[in-house]
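Below: one structure in structure tokens.
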Amino acid sequence: MPIFKCDSKSDNPQVFPLDDIVCGLREARHKWRVSQNRQHEIGGRHLPSPSAISDALDSLISALFPMRLGPNDLLQETEDYYVGYTIGVALNVLLAQVRLEVRYQYRNDRLSAEALEDRAVEIMKAFSIALPRIRSQLDTDVNAAYVGDPAAGSVDEVLLCYPGILAMIYHRVAHEFYKLDAKLVARIIAELAHSQTGIDIHPGAQIGEGFFIDHGTGVVIGETTIIGERVRVYQAVTLGAKSFPVNEDGSLHKGLARHPIVEDDVVIYAGATILGRVTIGKGATIGGNVWLTHDVAPGSFVSQATSRDERFFQKCGE
Amino acid sequence: MPIFKCDSKSDNPQVFPLDDIVCGLREARHKWRVSQNRQHEIGGRHLPSPSAISDALDSLISALFPMRLGPNDLLQETEDYYVGYTIGVALNVLLAQVRLEVRYQYRNDRLSAEALEDRAVEIMKAFSIALPRIRSQLDTDVNAAYVGDPAAGSVDEVLLCYPGILAMIYHRVAHEFYKLDAKLVARIIAELAHSQTGIDIHPGAQIGEGFFIDHGTGVVIGETTIIGERVRVYQAVTLGAKSFPVNEDGSLHKGLARHPIVEDDVVIYAGATILGRVTIGKGATIGGNVWLTHDVAPGSFVSQATSRDERFFQKCGE
Amino acid sequence: MPIFKCDSKSDNPQVFPLDDIVCGLREARHKWRVSQNRQHEIGGRHLPSPSAISDALDSLISALFPMRLGPNDLLQETEDYYVGYTIGVALNVLLAQVRLEVRYQYRNDRLSAEALEDRAVEIMKAFSIALPRIRSQLDTDVNAAYVGDPAAGSVDEVLLCYPGILAMIYHRVAHEFYKLDAKLVARIIAELAHSQTGIDIHPGAQIGEGFFIDHGTGVVIGETTIIGERVRVYQAVTLGAKSFPVNEDGSLHKGLARHPIVEDDVVIYAGATILGRVTIGKGATIGGNVWLTHDVAPGSFVSQATSRDERFFQKCGE
Amino acid sequence: MPIFKCDSKSDNPQVFPLDDIVCGLREARHKWRVSQNRQHEIGGRHLPSPSAISDALDSLISALFPMRLGPNDLLQETEDYYVGYTIGVALNVLLAQVRLEVRYQYRNDRLSAEALEDRAVEIMKAFSIALPRIRSQLDTDVNAAYVGDPAAGSVDEVLLCYPGILAMIYHRVAHEFYKLDAKLVARIIAELAHSQTGIDIHPGAQIGEGFFIDHGTGVVIGETTIIGERVRVYQAVTLGAKSFPVNEDGSLHKGLARHPIVEDDVVIYAGATILGRVTIGKGATIGGNVWLTHDVAPGSFVSQATSRDERFFQKCGE
Amino acid sequence: MPIFKCDSKSDNPQVFPLDDIVCGLREARHKWRVSQNRQHEIGGRHLPSPSAISDALDSLISALFPMRLGPNDLLQETEDYYVGYTIGVALNVLLAQVRLEVRYQYRNDRLSAEALEDRAVEIMKAFSIALPRIRSQLDTDVNAAYVGDPAAGSVDEVLLCYPGILAMIYHRVAHEFYKLDAKLVARIIAELAHSQTGIDIHPGAQIGEGFFIDHGTGVVIGETTIIGERVRVYQAVTLGAKSFPVNEDGSLHKGLARHPIVEDDVVIYAGATILGRVTIGKGATIGGNVWLTHDVAPGSFVSQATSRDERFFQKCGE
Amino acid sequence: MPIFKCDSKSDNPQVFPLDDIVCGLREARHKWRVSQNRQHEIGGRHLPSPSAISDALDSLISALFPMRLGPNDLLQETEDYYVGYTIGVALNVLLAQVRLEVRYQYRNDRLSAEALEDRAVEIMKAFSIALPRIRSQLDTDVNAAYVGDPAAGSVDEVLLCYPGILAMIYHRVAHEFYKLDAKLVARIIAELAHSQTGIDIHPGAQIGEGFFIDHGTGVVIGETTIIGERVRVYQAVTLGAKSFPVNEDGSLHKGLARHPIVEDDVVIYAGATILGRVTIGKGATIGGNVWLTHDVAPGSFVSQATSRDERFFQKCGE
């Protein structure tokens, strides 16, 4: 836009040197685009929008649990109407966002507009069909929280008040998009939950039914984690990758299974850190603040004394 | 609603199989309601609404601290008018929510509508009278933060910027509802604070004046915790229940006093975890990351070396 | 306002004893003001407003990254117009807030209105000129996240989804205000980030280019921290002050350099706690959950065995 | 509220004498209430709310013509869902308003709460059933505008652009409430149309199908007017009551049929004024600015020369 | 701003030639400013804002009639609080607008900032004191409508539904500003009423108590009109200036008394036009569509035959 | 959608027979669509949206007069930025609406998507280029009002307060779309003005510079009207088509020039009605309430005596 001459001297008595700032920012953007080989990009917004996705998720959540998380003026007699309309709108908003992601994904390929559109519609159709199943899975999570927390007064209180449930609603939706290869949309959804709850579950994580996170702040669950049924975790638990593999050549292989497998009925107490592709056997219990980088046998109980400090036992006790 | 025939074949060319999704979701809800013995429920929303409570709390907070957290256009000469009107509206919104909780609480009893209404009004009257006291208690918290944090420039900065203060405003209000047995409303209020600050205080916790939480993310304070005056805690401190009582019969007794007693003038540094009905004596200091499951004498100083690892001293030092 | 007679008996049949509550709250405020020697204060709001600052920051962020974080309807051809107008508005809103802070700062001095205004304008001019530099610094952060996280699909995904990036956008803006001595505005901005991301960076912290925080919940970085270039930290890392200096006289000296210096290319894994004015040498790696209160040599690797528990090695290993 | 002492001297240095104004306004309200014998009224809002009714009408209009006046994101496949939900909400809002009117109507009677509620529900049920008929009647109006105005490009343009159609949508709804004796709600609806279109149709007016008002500003149609089918009127037409009945005793009998009867296929041009219970016969045409206070035979044509000035013909032509 | 070079050739592939349009509009504005001798104007908005005034009027109206036009959630027990706060805010918004008008009014004089501020405050104080009187006057208008219209069901219906009452609320407020010489603010208020009701009353018009306008669309009441008590007018009545004084020198003298004087108890029916400084005597009745440019004796009755067409009587009747 | 079985008996205990209403409305819509031969229509909204156009016009007006009708926080130094961004957004919104109109216009033709898009872009480009000219024309209108109304205090007051100016802003924009054959968008814009001002100008009317409408309520200006420069009209003036051509065959020819030609410097007073393709010669004056259906010579003065009643002169005067 030649109208903006960044080399001209601005002589107007503005409070702020606005023209200089605009030029400076344009140069900064230009420098960035050059560094990314994008200086020739022209056109409108081409990335999915977190705020649009956030609105669609609000609608979706409201339609999944209409009488409890839906609008205050909802009556049971208008439930199906509400659900149908609200989901219809939300699906079309998400279709627009998935369309953006698909175009972005294939921006260097030479796919026809029809092929891209078909891909976006295919993803969204598959997603839409999954909604009743997602609702049923979430019901198991609600039930697990009610059963697992003696402080929970009712299943309704759980749905209204537990951040772990909110995080799982977002996650089960995000995971569906992840499986359908709309990974950017999936990530945006995961971050919506992270920001509200302090619970950071990568959309790739596979989580079985009846999963319960109590308190939740600081929980991190990595991309290739596999969690069985009826698992319970507390605040600040990390299911992460082993960050510094000593015996390897140093090059991190992307996409490798690098997070824990947690089998059915495991309980992991607050602050525990489990790293790497280890397996926590069915029914095991991991104590608070435990630091674990190896497999745990089914049914066993790991506290600080048996994990982090076991080397001291060995060193000292003998 | 027979108009929705879920067994009929939908033959319209919709992008999304909306009718099938609506039917699928209805079935999921039905299954859930049957599992909860609620299939005959009819009627409108019967649970308190987090968004309504959130709005009422915004008003209440604004009226408690009108010149600092109230509307930008407030003048000191309209302070009382603003306070009176705003609290009047907020109390009536909360009355509607408490009414919902009372009805929900007694949904299986056969109380008359008048009895339920009397109960709701009684709760709200008691709550309303407590407001000046709550404001004064919060002033002690603000003062404690100012005195306790050398980085705090003024009491006003504390009120505007410290998430620990925000969490306490919500908590002191929530605790009042908890004591009045409006526990669902209380929980919803506590979660509003948790979501904004990362500080998770159960509304049941009894907290004395001059309480200060610094940074705050990850703090968890359990339901039966009792905290004295002038106590200070840092981020990621847990005052929790002992989750795996080894010597017991395994059945968790709900409502038992199961969280710590923290006496006056205690300081608990970041990441410390104190579990069970232990007593931290007056003036004690608990170091960062300490893991504590036993009583601490008044005035003592507990660091990692004296707590978590004491067994190693014993094992190795001999 | 004599019209409100707090000693008169209210005899009207209100549901809530509103007049008593208003009087009670007035007395509570009066008591507080007396305790702060402010009973004679008259006038309007005189503190910066978090909500006004929040709106201005939204605009600023949108203008810094117009095509990715700006409005959905933005076209590249209107980019400069959008940037110029949006920044113009945001700067004026911030000027009003800085003006409030300046007046508040010098409320006990006898500066002329002109002097105060000059001070506010001077701060804002200096801030405005820094914007292109801030944008370029943030580009290095985005790049660092993309390079440092094998899970990151693109630089755009990083900008849209990573809370660590969002926290750094707020921080680099807040730090500018901190340097210009608008410390209350700076703190308010820092808390906006803290509330959204769970990452608590004091605006005073000096952070080099290419800084990357992964996951981020629970990270705390103190006021006098100095961080070099290309540093990476994970969730729940604390760069704090040593909270209980045993050998001193007990009086905390405000403003002292009391937080760590982290040199270039350091990596600090999740949960590590580094306290006091220690130096982590260039290229060092600090393992998860490590508790560190002493210097670390360049290039070294500190895991739990070499830090927290080193005393046991010494005690036992002999 | 004794707390507000209106006789006390205000001595605070307010910019505005707010306490005096509040007291003055309270006295003015008190004086008014005494003059209306209402000084003992206590309680909340007891009148229907124009803004609530306005919102409900917006919803209703949107649901009556979903693809043309409904939300921009509506798809035909979600039409029924949208209609069902939107009408469900609107009917409940209107039920609340009708309830207020019923209570107000019978405020001096001693009806039980159940009887009042039954009355309100009865009105709303009858109204709800009428909606499909109202839609079909409005379709005839749209068609009449399209056929009657050579400038109309399509029936869709008519629905989107013609204020006469908008006025009729409001009127046909308002008239239904009028017939059901919810006359205050009906009047409020009529005024919503009046304010938007400048067309003032009393909700009591009976109007046949295929009614078309062109331009419309200044049209006034009185309460007991009866209009046949396929009638057309232009701007500033008045169908009013004869305001000064010479031969009567001067006492206006409320509820009397006092406005014109306009039979089928009549056309009334701009500015014509027809007053009193006269009959304009089928197919007659009334010219612009005509002033008419007597019957007109079917099929006749009345211009200024044959109406207003007929006395001059008589006087002069002899 | 030299950065915008309007003479440079734009070569970017925009859909719209935005740079050219911006330059073209700038030139158009420049041409206008030169034509108005304002090319050197620099600075922000210096005119009162219709939208700000509109918001303030909404508040004021709500506070003048709190239980009927106030917020739906208002209770009588919070009435005074609501009134005090709402008026306090509205007065300060209006003070800001009056300040703008005062500065604009004296923009060519050399008044000190203090003198301008004093003037603005003086106006607003005088206005604020008038509010209780304005409310009482409006009560007489409401009563007049109720008494004067047999169709009015109650005084409350009148206040909720009659556009003539709404127009008078705005007028009595606007007239106060007019008398205080804040004529631009007054005009803006008058136009707010005009737009909503189609009733155009110049803020200068002096109108006695008990004034009733029925239907109202098209009513025009000029600046120097004087109306007595208990006067009633119908739609499309004009009380205007004689627009083409034949016998004069053609130069219109601004500020002259040029509109009618309407004495007490006069009734003017729809469409009547009364022009010039004529006097309609006490208790006179003016018929519909009458065209009047001369005085009317008290108690007389003027219909079309006695006014517009009197010349024909004279010409023909002889 | 077979899921909605309209012939099934609803047996649920709803307050409102919602399913029946939904089915009834569906049938009403179906009947309408069949009557319009549209029963096979499928798809989303395909008509321009009044609310979208309304928003775009608000932006456009704000950008045409940025310092007077723009946002309150605008500074002259950000004027061009604001104008560029705001117009950019508004043009794209209007492009979307014009696109809808073009598709609707050619819905029965077989034009390619590209051809339709080209047509829409062509219209909008032509429109966009016209904006500076439109602004300059409007400046002449503002000036005319200032000069023509002795009550106008300043040109700024005229722009802020005169509904005639607002109507002309909408008209000059609408007329541009009319000329470019986007007639539905043009009509929607015209109705936005009509609703706000009571002034109904068909977008087809050709109006010269310096046009001034005073008061304005009830003004109607027809599609083929041609108005010269410096013309002034008052409220309730009609420039219409002769509605009942007696000597013709009864079939109205659409598109014929059927409204008046008003030459330069004509003044038309309130309530005058001018019908048919007559010419009002340069400098003529038409008196109030005059009814005119024939040409008027330049410079002549027409009052009621010389127009409506001339036949009486002839009849009686002999």
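Chains here go by letter, A, B, C, D, E and F, matching the order in which they are written, and residues are numbered from 1 within each.
In this section, a residue touches a chain if its C-beta (ideal position, glycine included) is under 8 Å from a C-beta of that chain, and two chains touch if they have at least 3 such contacts.
Labels paired with UniProt names: A, B, C, D, E, F = serine O-acetyltransferase.
Since the structure is predicted, the reported quantities are computational estimates derived from the model, not experimental observations.
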{"item": "Those chains which touch chain D (serine O-acetyltransferase) and also touch chain C (serine O-acetyltransferase)", "value": "A, B, E, F"}
{"item": "Cα superposition angle of chain D (serine O-acetyltransferase) on its copy chain E (serine O-acetyltransferase), in degrees to the nearest 5", "value": "120"}
{"item": "Repeat of the A-D interface, chosen from D-E, C-F or B-D (over half of contact pairs identical by residue number)", "value": "C-F"}
{"item": "Copies chain B (serine O-acetyltransferase) and chain C (serine O-acetyltransferase) touch via same or different residues, half shared test", "value": "different"}
{"item": "Approximate Å spacing (C-alpha centroids) for the pair chain B (serine O-acetyltransferase), chain E (serine O-acetyltransferase)", "value": "53"}
{"item": "Gap in Å, rounded to a whole number, between the CA centres of chain B (serine O-acetyltransferase) and chain A (serine O-acetyltransferase)", "value": "25"}
{"item": "For chain B (serine O-acetyltransferase), residues that touch 2 or more chains besides their own", "value": "1, 4, 12, 15-16, 18-19, 22, 42, 73, 75, 77-78, 80-81, 83-84, 88, 92, 198, 217-218, 236, 309, 312, 316"}
{"item": "Of all residues in chain C (serine O-acetyltransferase), those that touch chain B (serine O-acetyltransferase) in their complex", "value": "1, 4, 15-22, 24-29, 31-32, 35-36, 41-45, 47-52, 104, 183-184, 187-188, 190-191, 194-195, 198, 200, 202, 217-218, 220, 223, 236, 238, 240, 243-244, 252, 254, 273, 275, 291, 308-309, 311-312, 315-316"}
{"item": "Touch list for chain A (serine O-acetyltransferase) against partner chain F (serine O-acetyltransferase), complex", "value": "12, 14-16, 18, 22, 75, 77-78, 81"}
{"item": "Interface residues, chain B (serine O-acetyltransferase) side, partner chain C (serine O-acetyltransferase) - complex", "value": "63-64, 66-68, 70, 72-77, 79-80, 83-84, 87-88, 91-92, 95, 121, 124-125, 128-129, 131-132, 135-136, 139, 143, 150-151, 153, 155-157, 160-163, 196-198, 215, 217-218, 234-236, 269-271, 285, 287-289, 301, 304-305, 309, 312-313, 316-317"}
{"item": "Touching residues (chain side chain F (serine O-acetyltransferase), partner chain C (serine O-acetyltransferase)) in the complex", "value": "73, 75, 77-78, 80-86, 88-89, 92-93"}
